[in-house]
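Listed after this line are the structures, all set down as structure tokens.
One chain, chain A, links the two complexes that follow: it is found with chain B in the first and with chain C in the second.
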Partner chain A sequence: MAFSNLSFVFFFLPLCLILYYLAPKKIKPGVMLLASLVFYAWTGLNNLLVLVLVIVFNWAAGLEIYYLKGRDRLLWEGPSSFRLTLSGLSLAVSVILNVLVLALYKYTSLAMPLGVSFFLFSAISYLADIFKGDFKPRTNPFYCALYLSFFPKVTMGPIVRYQDMADQMVQPQLTADNLTEGALLFMTGLFKKVLLADTLSKSFASCAALSSTTVLSSWLGMIFYGLQLYFDFSGYSDMAIGLSRMFGFNSRSNFNYPYLAAGLSDFWRRWHITLGAWFRDYVYIPLGGSRVSVPRHLFNLMAVWILTGLWHGSTWNYLLWGLYNGLIIILDKYVVGKALSKAPRFVQILLTDLVVFVGWIFFFSPNAASAFTYMGQLFGAQTVSFSNAQALLILKENLPLLVLSLLCAGPAMLKIRDLICRRQKIGTAVITVCYAVLFVISIAFMVSSTYSTFLYFKF
Partner chain B sequence: MPSRMPGKRKIYMSSTGPGLPQKGPSEKERLRQERERGLRQNVTLLLLASLLLIFVVNLIVPSRSYSEAENRKLAGRPEVTAESIKSGKFFSDYSSYFADQFFLRDRWINLTYNVRYLTGSREFKDGYIGKNGYLFSKPAQPSKDLDATVSAISDFTARHPGLTQTMIVAPDAASVLTGKLPDGADVRDQTKDIADFEGNVSAAAPSIQMVDASSILKANADSYIYYKTDHHWTTLGAFLVFQGSAQPLGIPTPLTPDQADQAQDGSITYAPYTVSIDFRGTLSSRSGNSTSKDSIDIYRPQKADSQYVVSIPSAAQAGSQADGDRYGSKKTSTLYDTAALSSRDQYTLFLGGNYPLVEITTTNDTGRNLMIFKDSYANSFVPFLTPYFDKIILIDPRYYYDDVDRAIDRFGITDVLYLYSGDTILTDPSLGDTLAAKKEADQ
Partner chain C sequence: MSGSIPAKHTSPAAALIFALLKIAAIVLLLFLMIVQLKGQKISKADFDTVEKAVMDTVDTSVIKEADPAMIRRLYGLESKDFDRIILYYPSSNMGAEEVLLVKLHDTDQAGLVRQAVDRRLSAQKASFAGYGADQTAMLEAAQIDVEGNYILFISSAQPDKTVAAFKKSL
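Here is the complex of A and B:
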């Protein structure tokens, strides 16, 4: 069930909220688990079975690692003081099994259960953190189950740590602030997804459907796609975080105006933050991070980026995209970084956006060859002309949408909103009416849409 | 509301802030949050009230089985079976059911249409919003198997060399009313596709007479020749093409009352009557537009002594494999189904819809029996033909599975007419299948 689905928003969610808030405090987490399992069963009981198996396996594996840490033995001492302990072996085996499950779904034609990439990564972080000694796993499988199946984040993230949820699983923080901020965030996310992302996807489709390609239409298509991807994913993340908070679970944010980033490294600290953090904490730093020799550092970086590419998809495109990001980051760190940082900020931002948007071409092209063809078209190869009547028409029809999207991709809208709200009663009333109008239009769009899925759904 | 937990006061900002929790907010941040609190409370109220209200309303409002606006059946509550829950089909069916039965569904769709139109969008699914309230369907891409249709027609011609054959293929509105398309719409020119197709048919079966419906319609593009809200041509459009086909069909030029001075020997005048002024057709359903509407005219031939009986055999008699006796056996004395005028799809006024086979027997004595291979465009054309033939047999190849050669013998067919819209003949293979010679079936 997608969060922008009518039956989720107006059937499942109200039902859940009512049951949850009415339930006695001790039962609330149980209600949450039940709701999450029903939510996941919505995609098919077969998928629910996979989730349950993953939960059971990782719950058991976590306990085993913890138990083994208590009576650990050194198995093997390797080069550069690498030590393999019994608990380390247990961790390695469990992690490998989780990764194999992920690979199984990615590389065979088996239907992928929704969110398998997300909850398997959560499971790996669960095991790794137990091994690091960050927390003590509970013998009651309930908590591992709730952590992995928590419906606001099970299908699309954000990828949170067990420790961040642990306290709240026992006692959800049902405060007025959480409820209200959660509601506001949920609304904003809904608008981003239903009003902006879905409309941008139509604009992108109209560029793709043109009978003749021009330089202008290629740029427009790429820009529409990049904006659509952002609003789709960040909107969904906003809804996920908003929902978490409405149920009393605080969560870190997943996006921080990524298209205002200066430099690709900065971008990846602002886009899909929890994924970047995951790779940093569980791959990059264990490999040594940047505190190593230069060749090793390069290796570490490329390893992380190749894996990131593979996580996003199983075709060559995604691998190339990962390499592309890795190479640019290396260039940034070692070659051009210092020079660029002296450039005016807006130049840095524009360059970063250019690099990122070109990268998304790998996402929407069916294969590597067409991706490179498209990149060529940006600069005039295989195009009919710079622009033509149809491309100009698309630009003309979508100019308001483009301007609005660019505004919303930064903090401008929020600043405007706050400015108006300064006038207390009147301002707040005006803004509330705006939200109401947008909500009504969102409902209308949801009713009218054929199923329009979140782009990251296949991950 | 439960009060805050003492001592655990983590401030998480909205997703616009940095990704990690901070030690504490600055003074500026705190003030901003205070102001924002009023808004947050309002929006929360708005959200929760809406969720609750809509949840309850949807429970109360009774289900509809059919949507007039969308012209389709609406999903009903799915049954809970072990299999459907296991595969997840129950849940996806439930989502469809919930969306289909959402209260005020039609109004929401109409609101979307208006919002999209106001923000400059001129496209809807497979269509365009044109000028003057015209809606257009996007012309279909011709099938790659058109050659099969062409050779089926030519084989059929070879098997029946004595028949007089005529072909009329009407282009869709988007290829004719080009001035009414939204600016810059990238629309396929179906008149070219039709010309190519007709050229291939002429090369393979030169005896078939071609009527250039595209030119006739284009010459009259400023008249009301296509419906604004439906994918069919208007009766006027059909009539103009009828006038242009008089010569190949071997009949005197038909006239409207104001053309009385052009009367030839045997000319019949057709008087238009308006039977509806609030027709909202298929394009209106598909787009969500509810403001455009059309009027429907019928053209009555002023020939007092021509009567006819329309017989629609049951499925079994027609030889169709369509579901059971969906049609039953009907005999009426009119080609118009006036009950359609009180339903949503008023175009079914003409003939009451599409059937595998319709047999029209007239009181004429011309010695000519006409067989028409058709789609729904012909439905508003057929009433023009009744004064000139003894029998008119309508065959819709999409539903007809019997042996057409036997039908020709059985009805004593002397003339054949192919009367189609471009969208159907360029994409649908059933005409080729119907015309193909049937082997001697062992019944």
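Here is the complex of A and C:
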């Protein structure tokens, strides 16, 4: 059951909200856990069993690490002041087992439980943070279960830290502001998904279905996909964060207008922020980060990007995509970054978007060879001509959609909303009407079109 | 955060219980995965026999066989990457009937084929959205069945019948 599903919007969500708000304070977390397990059971009972076993494993592993920390002993002292303690060994074994489960699901023919990459990464951060002493685990398994299964984030993140949810599980911030802002954010996400992403998906499909490929249709296809991916995932994230707020949980933002980034490093600080932060905190910094020799820094960057690529999938496409990003970030940091920073900002943004959009080709191509063929087609290789009537028709038909998408990819709409809100007398009324209209249009799209899944479900 | 661990829960006995629970959970999880993997039996059935069983349940007047170039164009799959692959696609632009039968070299390839089918299905649904109610209904009912080293994707009036014949032939 996806958030953009009619059953979710008109049945599951209202029912959960009513039960949650009516429930006495003490049993609210219980209602939320039950709702989360029911939500996840919708993806299959087998998947629910996997989630429950992952919860039990990590809850017990967390307590074991915490216990061993209190009675730790040194097992081995290696070079460069490396010390292996009993609790460290327990953490390492538990992390390796989580990674093994993830690898088996991702890289074999086993059917992958929805969101497994997200909840296992949350589980690893849960264990690592206990080891670092960032929080004390609870003996009651209930809180670990709610943290890992919380339905607004279980299928596609954001990857929240336990510490950020811990207090809110006990004392959710159930305010009128959170409920309203959460609902508005949910509607914004719904609009991004069903109006923009799903329409862009059709435009992308129309480019792919052309009998003869041209340079123009290749560029259009790449741009449509890049925009679709952004609105699909940021739309989902808005819905997830909006839902969390409606239930009194505040989460960090997952996107910050990434297509306005000046430089690839800047882009990755704005796109899927919680995954980037996870790799920074649990891989890059433990490896030494940037405070090491240049060769070691290069190694650290490539290690993070290869792992990021592999996190997305097992095929060569994703590995190449990771290598591509790692190499360009290294070029940016050590070779061309200073020179590029002197260029006008819009040139930096355009160059960044070009690099990012070309990288997305690895995402939508079925294999590495097709990806390289597509890249060649952007510059005229294996194409019939620069353009033809079919490609021009697609451009003409999709021009309003492209303009709207580009507007919505930046803060323009939010600024207009803030300007209207400043007019106190009519501002709120106008905004309410606008959101109501957007919601009705989104629902109309959901009713008239066929179900479309989220692109990031497959990761 | 409130709710720190009481002293009794940090005793060696409690730690042993947590360790045992951890082991039990991971053993059960790995067992579940093995059962799932074992369920994906490798079939030694002859490809032509499976193809015949499948095609006997399908109306072949509305579909035509695709060559490797067409398979690459519609699914992005390279025929040479698989043991055998065959695709029947609609004869007319208004058709949504489709049969894709693949015998994998390795069951690891199943994910790749699944993704290709998902993409094709999404593209087909998008192209019929809004005007092709019958085609959309057919695509909604389309099925993909992974049976170890064999994969069938069927979009037709009676996909259940084809899937049953496919399973029986393996």
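We take it that the second predicted complex is superposed on the first by the 457 of 459 C-alpha atoms of A that agree within 3 Å, B and C clash if a C-alpha of one lies under 4 Å from a C-alpha of the other, contacts with A are read in each partner's own complex, and residues count from 1 in each chain.
FYI, a contact is a pair of C-beta atoms (placed from the backbone, for glycine too) under 8 Å apart; a residue touches a chain by one contact, two chains touch by 3 or more.
Keep in mind that this is a model prediction, so the values were computed, not measured.
Novice: In the superposed model built on chain A, check whether chain B and chain C fit or clash.
Specialist: On the shared chain A, the partners clash.
Novice: A:237 in the overlay: touching chain B, chain C, both, or neither? Say first, second, both or neither.
Specialist: first
Novice: Is A:389 touching anything from chain B or chain C once the two structures are fitted on A? First, second, both or neither.
Specialist: In the superposition, A:389 touches chain B alone.
Novice: For A:87, using the defined touch cut-off, is the partner it touches chain B, chain C, both, or neither? Pick first, second, both or neither.
Specialist: So A:87 meets neither chain B nor chain C here.
Novice: If you stack the two complexes on chain A, which partner ends up touching A:253: first (chain B), second (chain C), both, or neither?
Specialist: First partner only, chain B.
Novice: Does chain A have more residues touched by chain B or by chain C?
Specialist: The partner with more contacted residues on chain A is B.
Novice: In the superposed arrangement, does A:206 touch chain B (first), chain C (second), both or neither?
Specialist: both
Novice: Based on the superposed arrangement, let me know which partner A:139 touches: chain B (first), chain C (second), both, or neither?
Specialist: second
Novice: So in the superposed three-chain picture, is A:448 touching just chain B, just chain C, both, or none of them (first/second/both/neither)?
Specialist: both
Novice: Going by the contact rule set out at the top, does A:273 touch chain B (first), chain C (second), both, or neither?
Specialist: The answer is first: A:273 touches chain B but not chain C.
Novice: Figure out whether A:377 sits in contact with chain B (first) or chain C (second), or with both, or with neither.
Specialist: neither
Novice: If I apply the document's touch criterion, which positions on chain A are contacted by chain B in one structure and by chain C in the other?
Specialist: 46, 202, 206, 209, 448, 450
Novice: Over in the complex, which chain A residues touch chain C? Could you list them?
Specialist: Chain A reaches chain C through residues 46, 49-50, 53-54, 56-57, 59-61, 63-64, 66-68, 70, 94, 97, 101, 104-105, 107-111, 135-140, 143, 163, 166-167, 170, 201-202, 205-206, 208-209, 313-315, 364-367, 369-370, 448-453, 458.
Novice: Okay, in this complex, where on chain A does chain B touch?
Specialist: Those residues of chain A that touch chain B are 1, 5-7, 9-11, 13-15, 17-18, 41-47, 171, 173-177, 179-181, 183-188, 202, 206, 209-211, 234, 237-238, 241, 245, 250-257, 269-270, 273-274, 277, 389-390, 392-393, 397, 400-401, 411, 414, 417-418, 421-422, 424-425, 428-429, 431-432, 435-436, 439-441, 443-445, 447-448, 450.
Novice: Write out the stretch or stretches of chain C touching chain A in their complex.
Specialist: Going by the criterion above, the answer is residues 1-6, 9-10, 14-15, 18-19, 21-22, 24-26, 28-30, 32-33, 36-37, 40, 72, 75-78, 81, 107-112, 115-116, 118-119, 122-123, 125-127, 129-130, 136, 139-140, 146.
Novice: Which part of chain B faces chain A closely enough to touch in the complex?
Specialist: Against chain A, chain B makes touches at 1-5, 8, 10, 12-21, 32, 35-44, 46-48, 50-52, 54-55, 58, 85-88, 91-92, 94-95, 98-99, 102, 105, 108-109, 111-113, 115, 119-123, 125, 183-184, 186, 288.
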